[in-house]
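By letter and in written order, the chains are A, B, C, D, E and F; residue numbering begins at 1 in each of them.
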């Protein structure tokens, strides 16, 4: 059976529930599925975390290397983020070079971390203009059951907080914890008919008309947003989503810091 | 409607006209369409020009960078030419990596400029064997109505004559005009039945059996040639094409120098 | 006619012969086709050899360059092996980037040479950690009539024994023969029904269920093995193949050293 | 978002480095129907941005597995010319342009009546010839004019504009220097008649109040630009790059 | 194969650096049915290896020219996560993973009753999350459990294990340090019930006697691992990463 | 085209560095039917060039959208072996080989009766095993022999040769050193019976008089080479790399 063909019946069922403010798994519209965060799961990585949001399963690993800084930030370390939608995780993910979905995912996670100044990149300079630490975040999606943006952002942040810079391996002094300054949390909301649903499950995500991911920091300030899908939001809906994202982010952040 | 299907009627019509020495747009066989050259149209480029030949529309930009010379010419700057047949310009241009048509176009334009010694590359050496100015010519086809070779060559030359080497931006002394020594002009002729037509319009180009591009310099010497398409020319035809290319080149060159 | 469709009749014919220990070209099961080795066939290469096994025809060329050593072997030269299954050689070889067959071929040849320490890589160090000689083996298959592994391995070894390191061209002292320490020979056996056939011809290779390539050195020690195809061998068959590979290798090695 | 160092991006009188007020747009010029081969096209200058947009289709979607039996797909390709930026850009798509192409495609699909053209593709090509910040907004604004010029049935045009934060102030429509040194950038696209938001991105650092203020300010700017788009469509047979003839008609 | 220098890989009492005896396996843990979306899956820890395998299919083979009208094709993709090794691996296939994928596909095809599913593809994905030598053996061992978990009809499972030569001794199941410094590595895969060999590679330097000894030793080890595979399949509804529910059933 | 510096490319007696007269060809050797698997083949040595050409087809054109319902397409692929030049060439097509492949395909299509084989492809592969300037001419000359050897119906063979300008003189058939240091290079291909020109390229610097002189000189040379081609085709069952048997017949 092609899982991608959501029957009209199923679609209508989700629509009807949404109109009544209900969901297929009995969650409230603004309720996340259970979140599990396990750090330090890969010992070949300098930092790692496996994150479950419901049955969505993401593994994030951080590797630290040495390289040249960007010309316009000669005294700062470099951050690069990559996401792999490997075909192990879903019948719809194809083998081959990254496609637009994985590129968007990586770039949205990257912006959330970068724009909030999560990593103190100035502490990662070894020799100005010549040599800096490079932080590679690699996101490996293992099981895709909706809301990859939030799971990946959470995984990336958790892996960063788990990371030790292996300076001694490169004979550059003592190892040290990667300096993490902020804790940006992404919250994704979709619109199904006229109802806003936080943390969409796969079936909800598929039939939703529009998606908005809002990344907020520990001061409740907004650090990144990304709207997706071919539908629209009203200005009021956007404002409502930002507010609920701030609230949920506070809860989800505790999964990382605690 | 698939524009690429030229009806048999249309094809025969062009053939019949050609036999009588006439063309669909009432030009003489050795007559170019109106040529427009506008320099300095892109201020992010070090030099640029937009060229119209009839409705064919090409934008050429020159960027100047710094790099290493080729090992066999350690005291010379480097020239590289690229052409993009972007799908905006024609329903037949596809999205994706450069294909043989754009590669041939870029290489023919490049040879015309390179073989005529258009740029005084020796003046572009900064440090022998180590550091030279690199001249990037990028040709962006915007509207394709036939005869891209001549439009692109004209655009590239016009952009070069518009180019200032931004030495001060790199803290390498004062800016200076790119030293242009020669003015090679490409003229393309096609063979339709047994008639030779200069500056083929799109419909003529499509049904022509053979194409010959002759690039001549201001001394009327030949600097580059490229025959294309699966037809043939007699030796006499080749000689006739060279002569008419020399003549027309003199006229077209004035669009650049004036 | 699509050569790839081996008729059922032909297939059954080979099966029936194999059961009786016979082959389509009247060879014994453990008999190689005639082997021809011609060295020094390409004067632009630093070493070259053309090898025929029956009508299978392989050209191996060695180029020597200069580059950096691998970080974990700073005092050793570098060996890289590439194989091209060019579409000239067979209707089944496609134009395009290397596919799994050519990658496997290159890697198996490479392992045979590398693991037996064929080249004295320590003699190819120019400056520890900085500069070493790089040995590029390129295998060009010209006519494919079965058993590319053995022909390619033989070609690579023959080309290496033909190789002169062109030190004088790089102004790094006198040219010298590439130091070759060992003479690994690959022997490939396939299983057709329950019969083991050495040096499979194309038709045998196609219908065989399993393939085993065993590379042995001049001491009869095993240096590399590679099993292929979706069939199986018993432990006894593997042992038998190793023994016969050792024996045949001794004969084939003489084609290189003599 | 960068660091402005000692540079004062907003002066004491509340003016920006290029002399604009906080809520002032750069000059915008739009022309429709500027290309011969495309089914629809538009040329747009917006501050230092020079953008060309072309539409082909509805035409058969290739490869076939992309075809949707229920509607047209909208495929937008955003591309920057190598010479459109100060440091030459390598030709061809990069990760940034892939992401932008995706979100622009999604935004445009909202206003096109795609159900009318099952199995087809409506291809939109945006070429950035000269870039000065805000190219995705400029490109989207031009693209929707090109769609209308191609006669594609649409609910409405799409208008796109960005706001940002510079020197501590929320400002409209960043240009290059502000984009490099500013504290936030928020590109938005809206359906002007309904005020629906079809594109929204943000990076930087904003409070919710700043965000709300910026959104409102940008919505107003979009309505102004909407007028320019409609003017361009009205004028398409009287102005343009070749105003002596109507090239689309002439080619038939 | 490397050079051990002064390091003594086998101590005087015949123990290896990690304390194992010459013929001793590293600890192995296998779980079946660990993923929701895949038709079958398995998770395996083997020494420091952490491997996930998933199976999709039989499903229509794409592109169509790959379809075999007489049987299913088995397409195995072996992939290492960027962070699974000490020096970050660039994402995507390299020459090594292409070769491994090919030989694993061939080995798995031997035990699957492919004739039952003409024109389809049975896709097997192996993800190495953490690598410690022997990843192809670990991956193949996990993959055959995932195939069984997916309900694909098979003659038998496949078990894979390697032996090698370290400090002059033939030893079972090399780990990273031994692999780097050892003298030979011989990965093998067998059909345990019939002792047929479906995968065999070797690099290094071995006498025929050493090879024969190693093959016998590894065959025994494979039979032990076979028991672990079967246990994992038996336990798949009672243990696993989410043992409170059966995710496969829940999704129907 | 390079700069000859102090090197004298033509000596006082009008001889070239390799001893040839101005209008003298390098030695040429052609053999037809040298490969077993190909439908037609030829091996050519021309000075220091060693070239192999093979033809497959007419066979079904892949992918299908390349098929022309009215005629066969001729697809020529020119490729240089990595070791065929002094500085190792990276394997695979580069921009130069893409352009050469295109113009050789166009030239060959002129003489093949393509209308006889609609929807098919006639694939021509040219492998440069050792290069010494003039590889495209050598390759095209070999390819047309391979086409004839494959029994493809043709109007005539194609012959290709270059002339150039060296040390101020127009000379026939440049070799490597002349090509590096010469002032012009003009590869030409002709249909010898009709003297039609099907390939013509030029780079360098020539007056019209020099060009006309060179064209005439090269036309004569092509007629001589035409004889060698026909001899090779006549001899194909009596000589060749394996003259003890006819491999093409043996394989049937």
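The rule is short, and it goes like this: a residue touches a chain if its C-beta (ideal position, glycine included) is under 8 Å from a C-beta of that chain, and two chains touch if they have at least 3 such contacts.
Remember, it's a predicted structure, so these values are computed and weren't measured experimentally.
The chains touching chain B as well as chain F do not exist; no chain touches both. Taking CA atoms, the transformation carrying chain A onto chain B includes a rotation by 120°, reported to the nearest 5. Across the assembly, the mean Cα position most removed from that of chain A is the one of F. Taking the mean of C-alpha positions as each chain's centre, the chain lying farthest from the centre of chain C is D.
Averaging Cα coordinates per chain places chain A and chain E 31 Å apart. With each centre defined as the average position of its C-alpha atoms, the distance from chain A to chain F rounds to 57 Å.
In this assembly, the C-alpha centroid of chain B lies 48 Å from the C-alpha centroid of chain C. We define each chain's centre as the mean of its Cα atoms; on that basis chain D and chain F are separated by 51 Å. In chain B, the residues that touch at least two other chains are 98. Residue positions of chain E touching 2 or more other chains: there are none. With the ring opened at chain B and read toward chain D, the chains come in the order B, D, A, E, C, F.
Chain C makes touch with chain F in their complex at residues 3, 41-45, 48, 55, 57, 59, 61-63, 65, 82, 84, 86-91, 95, 97-98, 136, 138, 140, 142-145. In the complex of the two chains, the chain A residues touching chain D come out as 72, 98, 100, 103-104, 106-107, 111, 114-116, 212, 220-235, 238-239, 242-243, 246. Taken in their complex, chain D has these residues touching chain B: 35-38, 48, 50, 52-54, 56, 59, 77, 79, 81-88, 91-92, 123, 125, 127, 129-131, 242, 247. Across the complex, chain F meets chain B through its residues 1-2, 74, 95-96, 98-99, 101-103, 106-107, 109-110, 186, 191, 194-208, 211-212, 215-216, 219.
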